[in-house]
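Going in written order, the chains are labelled A, B and C, and every chain counts its residues from 1.
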Amino acid sequence: MADFNNMESMGGQKARNILAVNALRKAFGSLQVLKDISLHVEQGNVVSVIGPSGSGKSTLLRCISFLEKADGGDILYDGQYAVKDGVYATKAELNRFRTRFGLVFQNFNLFPHYSVMKNITEPPMIRGENREIVTERASALLKKMGLEGKENAYPCQLSGGQQQRVAIARALALNPEILFFDEPTSALDPELTGEVLKVIRQLAEEKMTMVVVTHEMPFARAVSNRVIFMDKGVIVEEGHPEQVLGSPQQERTRQFLRNYQR
Amino acid sequence: MSLMTMIVKMSEGLGKTCAIFFLTLLFSLPLGMIVALLRMSKVKVVSTITRFFITVIRGTPLMLQLLAVTYGPYYLFRANVSRNKLIPVVIAFSINYAAYFAEIYRGGIESISIGQYEAAEVLGYSKFQTFMRIILPQVIKRIMPSVTNEVVTLVKDTSMAFTVSYQEMFTIGKQIANSQTSFMPFVVAGVFYYIFNAIVDYLMGRIEKSLDYYR
Amino acid sequence: MKKTFAAILVIVMIFSLSAVALADDGKVFIMGIDPEYPPFSYLGDDGEYTGFDVEVCQAVCDYLGWKMEIFGVNWDEKLVQLDSLECDCVWSGMTILDSMKEAGYVISEPYYDNTQVLVVKEDSGLASSADLEGKIVAVQLGTSGEALLNGDLADLAATFGNIVTCDSFLKCFTELEGNAVDAVFVDLPVAASYAANHDGLLIIDEQLGAEQYGIAFRSGDAELCAQVEEAIQALVENGTYAEIASKSEYVDIVNNLLFLNANESAA
């Protein structure tokens, strides 16, 4: 805990911020979903975002992956502005920023008409990479995901857990600097969540930088360097997982965790 | 007139029936996609106009459209009526079927989950790549049954070219029926259409089956 | 109880019998027409069917005390529709064909002598059927003109470049005026009435395929045919027929009406 605080205070000097968000705002009509959200993710860190549904945590992830357009604030990748004061970079620049992150969806969103292999290899090939190199990388990733022999299967032939692991491999095939997970196990049967969480944990051990929106508290506690608790569009509490999940300072956090454990 | 002569005579018109059929598909399938995309345009004026166009085409009989395309220019501008009736016939059929295909395409495109677009966007696909590689193949699979329906209807609709004096198979059948005071040509026409559609059905079934490898 | 029931039954039967008898008195006669064949049968300016044949038929029905109804047939299916009882006769400038008699239909005495003519554009320079070699000629499907081109006039038809069959005579003329065809082969009165309303047309009358109009009845209806023929004869004799024919709408056909000419020659 002391270590953690130390790192936090030293900020950008020691570790490089892969992602930084300043005063991010987003409204759907009159509903303010994100109210001046600020956060940063250092290289090699895993940040878990928890909170009740409707708290804005998924919207946050969708804003930083450019799926939703923020109304104001900054988004920086590796110190470079993708969004500055609500003004977005050009289309071409945004596309370059997209190569820096990968996003894993709650519903996998694999392409059903592509084989597992093509799902993974086509995106890098579209970006101009060589087929052989990409295929080699994809095979290695599938092996790492425990999906050897599934190269030619179609998504509909796989279980939910397998599909999500393919989706993770697909995101990793683009060599992102940071990986976002939007409730990666929420659409899975309970007995299948383990295999997906295991893969994410493995990535954490390899020092992959990640932001995970999740409801899996034990997982968040075990894997994260930092936990953020969001409610009603604001960050209520953040800190080391032991602190936020073990001895929360805010009443809202305590209430959420109490409800969650019931 | 023997049955054989009848069949031979009517087969001559079958070529023209086929010409209407294939040319209409050739033009209306892509045209329908353009209409569908205009219909889904975010520019309100464009989508409203396209929508009106579709309701007009779907809300009026094909026969009327055939007459309008063939004789409309003459009545409006005293322009010459086309000597080659295949041209106005294919124009009218293509416009008509494009409107129907457009609505089928639209239904198919709108049935694809937003997640597919988002995944493609995050993975770096351009809008065009997303449509051509991710959306369209899935749309085609989903709309195949409805398209088959339209294609089967088209086979039968070709007989309507009679209304503008295009000598396709059914027109010749009617002429024979008339001069022979016989019902037989209609039976022959029925058999022709049935065989034609059986072939269409078989081919479309093959295509559908070839898309069966995923759900 | 049983007796009462029987009595009621008898009464009901008597009533229904008398109802049938009454219906017979007020017989409904359904006239089958081509609604697009002026001046014999067409939709008048008032939206009601009219025409020479319609007026004569109305007079016949009035004479016989029948109620007249009009049924618009699909001309190329007219005999099928007659057989399927959709109408009781086909009476609409119908050319008598041998094939009809061979098929067993009862055909009335002819009442009109018709000729087929070629209509061309005045400025086309065409003046005779010989000029139409290699040209395109339009004809209405199901008309005697079409039958002639396939039959008696097949030799002439063979010299044409192409024959286009349209499903109404109006389309034939539209094709002509729109320069899609070079000539229209059509009944003289139709040609005359169209040319009267449209400038720039020339009628080439070479007495091609002279033919006669009659009324067609179903094969079993010889008696009905006789009744109608007698009624027409009565109308001819009492002057009603001539009165109808003298209307200005029928000026183009009056000379070809057989009954009137017969009267004249008798007189």
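Here, a residue touches a chain if its C-beta (ideal position, glycine included) is under 8 Å from a C-beta of that chain, and two chains touch if they have at least 3 such contacts.
Note that the coordinates shown come from a computational prediction; the quantities given were computed from them, not determined experimentally.
K.L.:
Which chains are in contact with both chain A and chain B?
P.N.:
A chain counts here if it touches both chain A and chain B, and no chain qualifies.
K.L.:
When you take the mean of every protein CA atom shown, which chain's own CA mean is nearest to it?
P.N.:
B
K.L.:
What's the farthest chain from chain B if centres are computed as the mean of the Cα atoms?
P.N.:
A
K.L.:
Per the centroid of Cα atoms for each chain, what is the distance between chain A and chain B, given in Å?
P.N.:
47
K.L.:
Rounded to a whole Å, what is the gap between the Cα centroids of chain A and chain C?
P.N.:
Whole-Å distance between the two chain centres: 84.
K.L.:
State, to the nearest whole Å, the distance from the C-alpha centre of chain B to the C-alpha centre of chain C.
P.N.:
Comparing mean C-alpha positions, chain C is 38 Å from chain B.
K.L.:
What residues on chain C touch chain B, complex-wise?
P.N.:
76, 79-80, 99-100, 103, 136, 138, 141-142, 146-147, 150-151, 164-167, 171, 174-175, 177-180
K.L.:
Sort out for me which residues of chain B touch chain A in the complex.
P.N.:
So the residues of chain B in touch with chain A come to 113, 115-116, 118-125, 129, 133-134, 137-138, 141, 213-215.
K.L.:
Which residues, counting only chain B, touch chain C once they are in their complex?
P.N.:
Residue positions touching the partner: 71, 74-75, 78-83, 162-165, 167, 171, 174-175, 177-181, 183.
K.L.:
What part of chain A is in contact with chain B in the complex they form?
P.N.:
Per the stated touch rule, the residues are 65-67, 95, 98-99, 101-103, 105, 107, 109-113, 122-123, 126-127, 154-156, 170-171, 174.
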